Amino acid sequence: MRVKVGADFTVTSPRETPAVFMIRPETRGAHMTLAERWDSDPGVPYHEYPDIYGNVCRRMTLPAGSFSLRYVALVEADGDLDPYDPSAIEHPIAELPDEALVYTLPSRYCLSDMLFPQAMERFGGLAPGWNRVQAICDFVHDHVTFGYGTSTPSTTALDVYESGNGVCRDYAHLAISFCRALNIPARYSFGYMPDIDVPPPYAPMDFCAWFEVYLSGRWWIFDARNNVRRRARVTIARGRDALDVAMLTTYGATTLDEMVVYADQTDERVRAFA
Amino acid sequence: MRVKVGADFTVTSPRETPAVFMIRPETRGAHMTLAERWDSDPGVPYHEYPDIYGNVCRRMTLPAGSFSLRYVALVEADGDLDPYDPSAIEHPIAELPDEALVYTLPSRYCLSDMLFPQAMERFGGLAPGWNRVQAICDFVHDHVTFGYGTSTPSTTALDVYESGNGVCRDYAHLAISFCRALNIPARYSFGYMPDIDVPPPYAPMDFCAWFEVYLSGRWWIFDARNNVRRRARVTIARGRDALDVAMLTTYGATTLDEMVVYADQTDERVRAFA
Amino acid sequence: MRVKVGADFTVTSPRETPAVFMIRPETRGAHMTLAERWDSDPGVPYHEYPDIYGNVCRRMTLPAGSFSLRYVALVEADGDLDPYDPSAIEHPIAELPDEALVYTLPSRYCLSDMLFPQAMERFGGLAPGWNRVQAICDFVHDHVTFGYGTSTPSTTALDVYESGNGVCRDYAHLAISFCRALNIPARYSFGYMPDIDVPPPYAPMDFCAWFEVYLSGRWWIFDARNNVRRRARVTIARGRDALDVAMLTTYGATTLDEMVVYADQTDERVRAFA
Amino acid sequence: MRVKVGADFTVTSPRETPAVFMIRPETRGAHMTLAERWDSDPGVPYHEYPDIYGNVCRRMTLPAGSFSLRYVALVEADGDLDPYDPSAIEHPIAELPDEALVYTLPSRYCLSDMLFPQAMERFGGLAPGWNRVQAICDFVHDHVTFGYGTSTPSTTALDVYESGNGVCRDYAHLAISFCRALNIPARYSFGYMPDIDVPPPYAPMDFCAWFEVYLSGRWWIFDARNNVRRRARVTIARGRDALDVAMLTTYGATTLDEMVVYADQTDERVRAFA
């Protein structure tokens, strides 16, 4: 399924401001890229580096004043629904691959240690496996009311549990915390997600957060916010939580004047796109 | 300076318990190893893997019942005092190496975002550079009273700031948090530290935590707990905070029956040691 | 110095042909990128991965029939001449960083073991350091006559030494082999190189190969082909030799119908370029 | 199956000689380690680092004069015969994982490009898959006559093909070259191999070389030298060929006075061993 993804946005900075973007689709994912383009006004030099999780980070210094950036890519995404296997099992810790262990530990926003009692009480008695993770998603989906502006950069999963409010990242943080409290490896993920098979009315497109869980020897996508299987997710990055995996990290105050995110199924051919 | 490092310890586990040890001196550090030996009773198979920071982790499953482990190494450590350069400068974010950026962000225990106001109030007006980091150490050293049992696995730097109590890891967490709040990269470190030039009485030897700060293009050791320059530290691992960098992580309850840590200057030659 | 780099090319393949491109400027180099664009006709999905040296590889399957690819980037390159320090020293092996050791060993094309006698005879008696490496470049520059078509994919440095013919990769291979025979770490590099300060007539622009040598704690560019310091080289990749570091590796026969390489100083601003 | 592996050896060096050892069983392999011990006379400081393939390298400077090293480990190895699946398939290049691609290319000793005609003539007409790889092993096993001293550090697979003589590394190099010429990923491997189920008389134990081939989504061990399935191989390292993967690489001439290699099934318990 061909999808056009990307974002146009404009920020204003009072002074030169170091910044790190995660905006390119991951380079080795379920999708493949056909064409891509990055430009900005004014032109600003950048370089790329991999972070500790292997995500591609694009680093630059935003100029003082107004800065516009446009990134767009044409990708071939997986048009099937998110993979699904209710028979998938939880592994005992001793059988997990080394790389999964870090995703059993608490992190800045995913306070699985503080939420251990709640996790045990609500989900400790359920049979291990896919359906337990789904039960976590069901609970989080119902427990949290979506609302822009209900959370801040310091809102943890514990806060979300207590307030019952949040945006997509908060749904993910709370569900991840419950999983980790039960020794199920869970990691935060975000990217582009087209509105396919979704009934109107449509909200303005935005970056979306979901999470991944390690069951039966692989990582599976779960999405406590939408709590339905979707098509054509285009992952940008994944890691422990939204602190490490952010579309834009700036060192200094900037004002986001405008942002338009693209994640649209398309019939565009490459030359037309270019 | 030749130093014998290691630990003997015995744990009792009610059932088979997955565990990860960080106990070997780091493999590419200021010290070099001459000989090493690892054995246990009962014998338990293990393997090694590098974590996301490159630390060597030794993973195994502790048997049910009593388990004794002995690790000992003979190392050639740096006999000089910790490097010191009061003229070392803070770098603007834009000039930091990519690898240092992750150490400017908050982490589970180092809540630099929550401690931002306190950091700015106390240290924001000081001239950037080595002396500002030293001022942070001085404050933390004076503000926190050392006491075993005053902190728990969920104690954050904010808790330590408010309670004024902690152990060596808590001193490090609070100082790291202040540094990061000021955009100075800081990372947690722990290892073996012999009591050289230290007046008696001696406490029982233990693993020790300190931290490292990025100034003038390199990482420097700071130690808010002791707040003096020491000799022959033998680093085991480093990372964002004590959550990721722990001598022993177990998945399940175990009882530590006995632990003897070695970090002693020695004249042993290798064959005698073996 | 602003430079526009890239390539347009067209290949014809009798059947679907797996291919790996190295065509993007390295992501963490002396230059920084301002804008870039990749498209093809027909559109072909690709993904990126890092090879064992950390180079960015772009992997895809070329379709049967004609395929056109256009890659172009606007970069801010270093406008100074290649760094130069005739006082730079060779390190004893024991002082080399671990990462440099692999570049002291022979490789498929750089038969430093076979060329050891020649290296010792010609350069073994010279004082170690920058000037010895320069003497190697001077010899290779004079010994080899440039000629397209004089070497094949199986031509080794030994062949080049014996025939006295080659293209830029062959100059690099021979010089690298002499360096390694003397225990001086040397690695192959290639990329874009604008014709700045170069008197006409100009050859058609092509990808260029040079090499890097480890002296005085860092890597330095040397260029036995041109044997003059140049400006604004934009490195794409580096590794042991041209086998591992190739603009295009195909698994199957393809015909290169046309290739135009860009490496031009420019006044273009980003929006105009895009 | 419990196996004791390691080596005692003594070298004499006319002067201080930089050296890199690969002697520890790989840290994440089919075996697990229970205990290990390293010491030397005189004591010599070393550090460890991972090479470009992830192998653990132990680096030091051998002293002038006589130097003795003893390394011994007790490991739990896989007591089953080498895995075997004659239905395993070759993957088309487009379906190989990125990491396997480097093992399709020629390397210093494995001249798959030069041996392409022979590979095509002998094996190009066979059905792809396990049995084709086995046919390569059968040919190499019969074609090469084992003999210590028949090959040198510059002997390539082409030389082995032509001379028909070699040691275990040469068998591996030739078989690897044929595989790569057919676009089958193949990599060199070496380690300890006990004489289990092997009829006497026994040769003195030595390090052994074999190779691995990527079929049906995983790597499989093949052994053209012995050409039988074995038990309890304990891999030390793997890479492109014996140049990169050597028990000992020295920078300067040393004399090997004595070497005793251990690879013995044992009933030793850990404490007795220690």
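The chains carry the letters A, B, C and D, assigned in the order they are written, with residues numbered from 1 in each.
Note that in this section a residue touches a chain if its C-beta (ideal position, glycine included) is under 8 Å from a C-beta of that chain, and two chains touch if they have at least 3 such contacts.
Computed from a prediction, not measured in an experiment: that's the story for all the values here.
Participant: Among the chains, which is located farthest from subunit D on the basis of C-alpha centroids?
Facilitator: Here the answer is chain A, farthest from subunit D.
Participant: Between subunit B and subunit C, what distance separates the C-alpha centroids? Give it in angstrom.
Facilitator: Going by mean C-alpha positions, subunit B sits 43 Å from subunit C.
Participant: Using mean C-alpha positions as chain centres, tell me how far subunit A is from subunit C in Å, no decimals.
Facilitator: 38
Participant: Averaging over Cα atoms per chain, report the distance between subunit C and subunit D in Å.
Facilitator: 32
Participant: Counting only residues that touch at least 2 other chains, which ones in subunit D make the list?
Facilitator: Expected reply: 28, 49, 98.
Participant: Should the pattern of chain-chain touching be classed as line, ring, star, complete or other?
Facilitator: Shape = ring; chains linked end to end, path closes on itself.
Participant: In the complex, go through subunit A and note every residue touching subunit C.
Facilitator: By the definition above, subunit A touches subunit C via 27-29, 32-50, 60, 70, 74-76, 269-271, 273-274.
Participant: Provide the residue numbers of subunit D that touch subunit C in the complex, in ascending order.
Facilitator: 16, 18, 20, 49, 51-53, 57, 59, 61, 92-94, 98, 101-102, 104-108, 111, 113-114, 153-154, 183, 243-244, 249, 251
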